[in-house]
Amino acid sequence: MRKVCVVITARPSYSRIKAALAAIKADPRLELQLVVAASALLDRYGATDKIIEAEGFKVDRRVYMIVEGENLVTSAKSTGLGLSELATVLDELKPDMVVSIADRFETMATAVAAAYLHLPLVHVQGGEITGSIDEKVRHAVTKLADIHLVASDRAAGRVIRMGENASRVHVTGCPSIDVARAAIAEPMTTDDLFSTYGGVGPRLDMSNGYIVVMQHPVTQEHELARWQVDQTLAAIRAMDMPTLWLWPNVDAGSALTARGLRAGRERGELSNIHFFKNLPPEEFLRVLKRSACIVGNSSVGIRECAYLGVPAVNIGSRQSGRDRGRNVVDVGYCSDDILNALKSCVAGGHSEKDTLYGDGYAGTRMADVLATAPLSIDKRLPY
Amino acid sequence: MRKVCVVITARPSYSRIKAALAAIKADPRLELQLVVAASALLDRYGATDKIIEAEGFKVDRRVYMIVEGENLVTSAKSTGLGLSELATVLDELKPDMVVSIADRFETMATAVAAAYLHLPLVHVQGGEITGSIDEKVRHAVTKLADIHLVASDRAAGRVIRMGENASRVHVTGCPSIDVARAAIAEPMTTDDLFSTYGGVGPRLDMSNGYIVVMQHPVTQEHELARWQVDQTLAAIRAMDMPTLWLWPNVDAGSALTARGLRAGRERGELSNIHFFKNLPPEEFLRVLKRSACIVGNSSVGIRECAYLGVPAVNIGSRQSGRDRGRNVVDVGYCSDDILNALKSCVAGGHSEKDTLYGDGYAGTRMADVLATAPLSIDKRLPY
Amino acid sequence: MRKVCVVITARPSYSRIKAALAAIKADPRLELQLVVAASALLDRYGATDKIIEAEGFKVDRRVYMIVEGENLVTSAKSTGLGLSELATVLDELKPDMVVSIADRFETMATAVAAAYLHLPLVHVQGGEITGSIDEKVRHAVTKLADIHLVASDRAAGRVIRMGENASRVHVTGCPSIDVARAAIAEPMTTDDLFSTYGGVGPRLDMSNGYIVVMQHPVTQEHELARWQVDQTLAAIRAMDMPTLWLWPNVDAGSALTARGLRAGRERGELSNIHFFKNLPPEEFLRVLKRSACIVGNSSVGIRECAYLGVPAVNIGSRQSGRDRGRNVVDVGYCSDDILNALKSCVAGGHSEKDTLYGDGYAGTRMADVLATAPLSIDKRLPY
Amino acid sequence: MRKVCVVITARPSYSRIKAALAAIKADPRLELQLVVAASALLDRYGATDKIIEAEGFKVDRRVYMIVEGENLVTSAKSTGLGLSELATVLDELKPDMVVSIADRFETMATAVAAAYLHLPLVHVQGGEITGSIDEKVRHAVTKLADIHLVASDRAAGRVIRMGENASRVHVTGCPSIDVARAAIAEPMTTDDLFSTYGGVGPRLDMSNGYIVVMQHPVTQEHELARWQVDQTLAAIRAMDMPTLWLWPNVDAGSALTARGLRAGRERGELSNIHFFKNLPPEEFLRVLKRSACIVGNSSVGIRECAYLGVPAVNIGSRQSGRDRGRNVVDVGYCSDDILNALKSCVAGGHSEKDTLYGDGYAGTRMADVLATAPLSIDKRLPY
C-alpha cells in the first residue's frame, strides 16, 4: 500500500484538491497522509484544518510556518521556516510520495523538502501560465517534481517541452471541477446565507440576481493593492446589484486590500455588499452557479466558471496567460472598465459548459496514477 | 552603479566564480556585494571566507546555515535556515541583482530568497546535465532566474528549450577556465607542497609523475559512498604512483567517504597517498596541469581538464550527462576498471586544449552582461 | 563611547522605555542602537516601528519573528526564530551591551542571544511579581542579565535575594513614569479624539466623565479569555458611562479576546464604547489623567496610575503580586464585582501622587548607569 | 500513567541521566518519552542516539539543531532552531512533564519550549556553581522549572534561596553516581581497550598505572583553548605515563581544542597517549576506577571521582565553584603546575568514597518524585 502525503497550505488549495483526497482515501491501494500548514491553520483565513476534519479527513500533522508581516521578506522567511519543519515531518511520516499543489509561494517548501529527502514529488496543476511570482514558483516546482498531474492537454504540452518525461505527465483534469460537478447537483444547504455564514454587511435580497467578487492582491504590485480594490469597490457601488464579496487570502499585500475594504465599509459606502470570510466550498459553488457574474481576479472565474458557464469579469494581470473558456471578459483595473464589462456580462447571461479544465472526474484518475505510476526520483533533460 | 550581490556557499563555487568577482570589482559600472554562507564559512571545509578575504575581496555578510548531521534531512533543514537568513540579508543589502552559482543543494536558498524578494536573479552555469539531485536543483533555479550566464552553446540551447527567453541567455564560458588560463601561466609558488600546504600522509616524490584524486559522495547513493571510496583506494594502491588526494566537500554522505579514507590511512595502507584538505585553487590547477591524470568524479576533470588537456578517469554517475571533451574516460566504481583506465590515461599523455567550457575570458563577459542587461523579474513561458 | 543596543518587541515596551531611549540618545558617552522586532513591526498592533521613527529615533534593524497562530506552540516557535535572527543581528551590530525590557515571551530571545554572544545584558524591570508565564520569563531573564535596572526598592531586594550582585542592581524607577510626568504637563493635542485617532464605535460625549478599559488575555487561562472579556463588557454596559477601550496586544489568547469584542460590537450592544487600536502614548496618558477610572488588567493601572492618582479597577490574576499604590481596587472576573468596584472608584475620585514606581526621572538615571557601570559577563551565586 | 518526556542533547547528559531513564522505564506509573537532539545525534560526538537504542531505550524523536560553525553566534542560532523544533515535538508528544538536564547552552531550548507550552518542567542538577556561561544557563533554567531534582543538600539550599518553593526541591543525588556504583561492581568487558574501542594513537601498556584526560574548551576564553590544551599536552608528555585521552564535546572553541590535539599527534609527539572519541560510559568508569588519576576540567573528576575515590587534577576555571570532595587538586593552566599536581596525586593514591554527589540510588528516587509530585506550572517568588 503506497503512502501518499498531501501537503495543504491554503484554503483554495484544499478546495482544489479535495476530490482527489476523497479518491485517495477510498482507494485500497493508497494510504492518505495529510499535512496541513501555513495559512490553512490560521483562524483569520478560515481555519481550513478544522474544515478538513469536519469533512472527514484526518490531519496527521500541523505545521505553523507563516511569519507575520505580510511582505516580501516574510514570504521568503515563511518558506524557509516551512522547509525546515516539513523536512522533519516528511522524515517522520516516511511517505512513498509527496503531493504539492499548484504554485503559491509556500508550496516551494513542500517541493524542496520532498526533493531533498529523495521522495518522489507529485505536482498538481503544473504547466499553466499566469502572471506574478507564481509563474516562477510553478515551473520551478515542475523541475523538482517526478510525476505531473495536469489539468489540460495544453498544460501537459508545456510540461513536456520544459524537458519532463512524457510518460510521467498525466492529464487528469483539475479536481476542483469534480467538486463543482458534485456541488451543483445538490440544492443549497441554506436559504439564508447571512444568518448561516455570518460575515459582515447588510442582508441582501438576492432574488433578482446578484454578483460575486473575489479579488486578491497582485504580489508584484502590492503597493497598488489598495488602489485596485478601491476601483473595484467603485464599480460595484455603481452597478448597484446585491454583491457577495469573499475576503482575500494571505499574501504580501493582502493587509492593504483588507484595509481598503474595511475603510469602505466603515465609511458606510457599501450598502449593497456583504462580506464573507469563508464559505463552505460546495456552497460557494452553488452560490456561484446561481450568480449573474463573478468579478475579480480569482482563478475560480477562469477554471470552475468555465465548467459552470458563469460569466467572469477578470481584472488585471493576475490570471494573465491562463487558458480561458468563452465565459471570460478581461479588463484593466479602472472602475469604468470593470463596470462596463460587468453590465455586458450580466446582460449576456450564462454560457455552455466548457471542459477546458476538466470533466469532473479528475480525483479518481489522480488516485489511479498515484497507485500505479513508477516511483523514481531520477530525472534528466532529454535535449 | 548597479549593486551585484554574489552568494558563495562552497569552496568549489568560489573557485569557479572568482574570475568573475574580480571583473565585477574592477568594473566601474558595478558594485560588488559578497555574501559568504554555508560550508564556505566552516574550518573543516577550508574556511573559504578567509581565503576570499586574503585574495582581496570584502565579505559583506556571513550566513551560518549548515545544520549538522550530513544527511538528507539536514540538507533540507540547512536550506530552509539559509532561505530564512538570506531573506533578511538581501533585504538589508538591497542589491540590484543577485548571483547564484551552479546547483548545490543550498543554492536553492539563494534563488528562492532573491525570487521572493523580487530581485532579479542571475544564474551561473545553468543548462548543464549531470547525475544526482543537482539535476533537479539546477533546472529549478533556471526557472527562478531572470538572467542566465551559461558555459557553452549547448547549455544555452537547453535553457532556451526549457522556456527561457533567448535574449536573457548569455554564453560567457565558465569563469573557472579564466582561472585555469591565468594559473598555468604562472610557475608553482612552492617546490614543496607538503611543507607548504600540510595535509596528512607521507611526503611523496613527484618528479616521475603523479596522480590527483577528487571523489565526492554521490548523494542519491550515500550508503554506498564508503564502498565506492574503498574501490578507488584499491585502484590507487595497485597503481602505486605518487597520489595527491583532495578531501571531499560537505554533503549527505561525505562523512562516510571521509571515514573510509581515515580508516585506510590508519590501517597504514596508503603509503603512496598524501591527503590535502584544501589547496589554493591556482596552485591546485598548476598541480593538475603537471599531473599525469585526475581520477574521481569532480567536475574539474570534465571542465578545467578539458582546457588543460589533462586526462581524466571519471568514476560513476556523478558527472553523467555533462558535455565531455576528448580528455575523459568514463568508468564504473570497481577498482579493476578504475585501474585499467588509469593505466591507459597515464600512458596516453595529455591532449590538446579544448574550449568546450570556455576560452578563459568569461569573467569580463559576465561583468559586461551584469552591467548592461535589462533588469526585469517578469517571465512567461513562450509556448 | 559605549554602544547600547535596545531591543523593542512590543508597543507597551516602547512606551515604557522611551524616556530612557531619549536619555541614551542625548548622552555623549553613549551610542544608541535600536532593534525593532516581533509585534512592534506589525500593522495590526499599531506599527510601532513607524511611531518610533516618527518620534525621532533611528531603527537600525527590523527582525520579523512572530509565527502566526497565536497559540502556545507559536509563542515558542516565534521565540526560537527570534533568537536565531537576533544572534545574527547582535553579531553584526557589535554593541557593548544589550538592553532587554520586562518579561514578554519574546524577550527571552533577546536575553539568550545576548548571553550566548557574551554581551553584557541589561534587564529593565526585573524583580517584580505578577501572575502568568511572565513570572518565569522575568526571573529567568534576571538570571541571564548582568546589570539590573529596577523600578523600586522592593524589586531591587528581590533581585538581590535571587543571588544577583547588589552592586549591579540599580533602582532607577520606571521610565514610563517619566513619560507620564512629561505628558500630563502638556495639554491634549486634540479636542476630538475620534476624528483624530479613528478606531471604531460611536463618538462619545466625554465632558461628564469617562472610563478607560484595557484588558489583555491571561495566557495560562486562554480558553477563558472570551468569557472574561464578556464579563467586563457586561459591567461596562451596565455602568453606562462613556468608555474608551484599548485593543489588546499579541499573545496566545488575544484572538479570542478580540473576537469577543467584535461580536459584541456587531450585536450593536456597545453604544457607550469606542475602540482604539493604538493611541499615541502621551495622549493616552493625558486621556487617562482626565478619566474617572481605568478598568482591566493592564499594568498601566498599577504603575502609571499610581503616579497619576487615577483609580484602577484591576481585574483578575494578571497583575497579582505586583506592588500596589492606594489607587488600586482588585476584583475577580465577574461583571457584578467589576461594576461595584467601578462605581466606588468613580465616586471616590482621584488620589495623591505615589512614587512607588518612580518619580519621573528614570531615563537619565538609566543612561548614567549604562555609561558608567563596569561591563562584565561573569556571575556567580553568592550563596 | 504520567508521560515523562526526557530531552537528551549531549553524550555526557545521557551518561548522567541513564540510571534515571531506566528507573522511569521500569516504573508502572510512568511512561518514558525520549527525545534525542543536538550533538547527541552526531557521528563526530559518538552517535549517542545509537548508544541509547543499543542500551534498550526507544528514541521517540530526533531533533537536528546544531548549526555548524562552533562559535558564539552558532551556539545561539542552534538554540533558537532547537527551540522552534522542540515546540513542535512537545506539542505532538503531549507529555505530562518535560525533563531537562543540567546546563549546556542548548538545554535552554528544552526549558523555554516546555515553559511556553505550559508543560511542567523538571530540572535535573540545578543549584550548582561552576564557571563559564553554564552558570547563567543553569540558574535561568531553575527559574523556568517547576520541579527541581538536585544532587546535594547544598544545591537544594541554593535553589530555594533563589526563590523556588522548598516543597518542589528534591535532593535525589545525581544518577551518574548510580551508574558509577553499578559499573565498578562489574569487571572490564574487554582486556584490550585498543582493539575493542579503536581510537587513534599507539597501543599502551596499562599494567603499571595510567592516567585519564578529559579537557573541554572554556567557552568564555575560547581563543585560549588551543594554548590551554597545549599546556596539558606538555604536562602529559613530561609525566610520561600511559595516558588515555577522551575527545572533547561540541561547544564554541572545541574545534580549536581538537586542532591542537591533532597537530600534536601529527608532529609525532604523543607516543604515550591514545585518543578515544567515545567509550561506553560504564567501561569508562571502570577504566577511571583503575586509573591513577584523572586530569582536565571535566565534571567527572569532581563528581563521579568523589564517589570512586580517584584523584583528580582539575585544571582552570571550568569547574570553579563546584562543591568538591577530598579527591580534587585545583591547578591553573600552566604545564608545570599540572605536572606537579599530577605527580602528587599519583603518589598519594586513591581516597575514601565520598557521597557528596549521591549514594548511587538517585534514579529510583527521581522516578518516585516524577510519579507523585503535584503537577503545577504556577510559580511566584516568596519574598
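Letters A, B, C and D mark the chains in the order given here, with residues in each chain numbered from 1 onward.
The criterion applied here is as follows: a residue touches a chain if its C-beta (ideal position, glycine included) is under 8 Å from a C-beta of that chain, and two chains touch if they have at least 3 such contacts.
On a predicted model such as this, the values are computed, not experimentally measured, just so you know.
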- What shortest step count links chain A and chain D in the network of chain contacts? 1
- A-C or B-C: which has the larger count of contacting C-beta pairs? A-C
- Could you work out which chain's C-alpha centre is the most distant one from the centre of chain D? A
- Message: Suppose each chain is reduced to the average of its Cα coordinates; what separation in Å results between chain A and chain C?
- Response: 41
- Measure off the straight-line distance from the CA centroid of chain B to the CA centroid of chain C, and report it in whole Å. 53
- Item | Residues of chain D touching at least two other chains | 73, 77, 81, 84-85, 88
- Query: If each chain is a dot and touching chains are joined, what shape do you get: line, ring, star, complete or other?
  - Reply: complete
- Query: Can you list the residues on chain B that touch chain A in the complex?
  - Reply: 72-73, 75-77, 79-88, 91, 105, 108-109, 112-113, 115-118, 129, 131, 133, 135-137, 139-144, 157-158, 161-163, 220, 321, 377-381, 383
- Message: For the complex, give me every residue of chain C touching chain A.
- Response: 39, 41-44, 64-70, 73-74, 77, 81, 200, 255, 266
- Task: Please give the residue numbers of chain A that touch chain D in the complex, ascending.
- Result: 61, 63, 81, 84-85, 88, 92
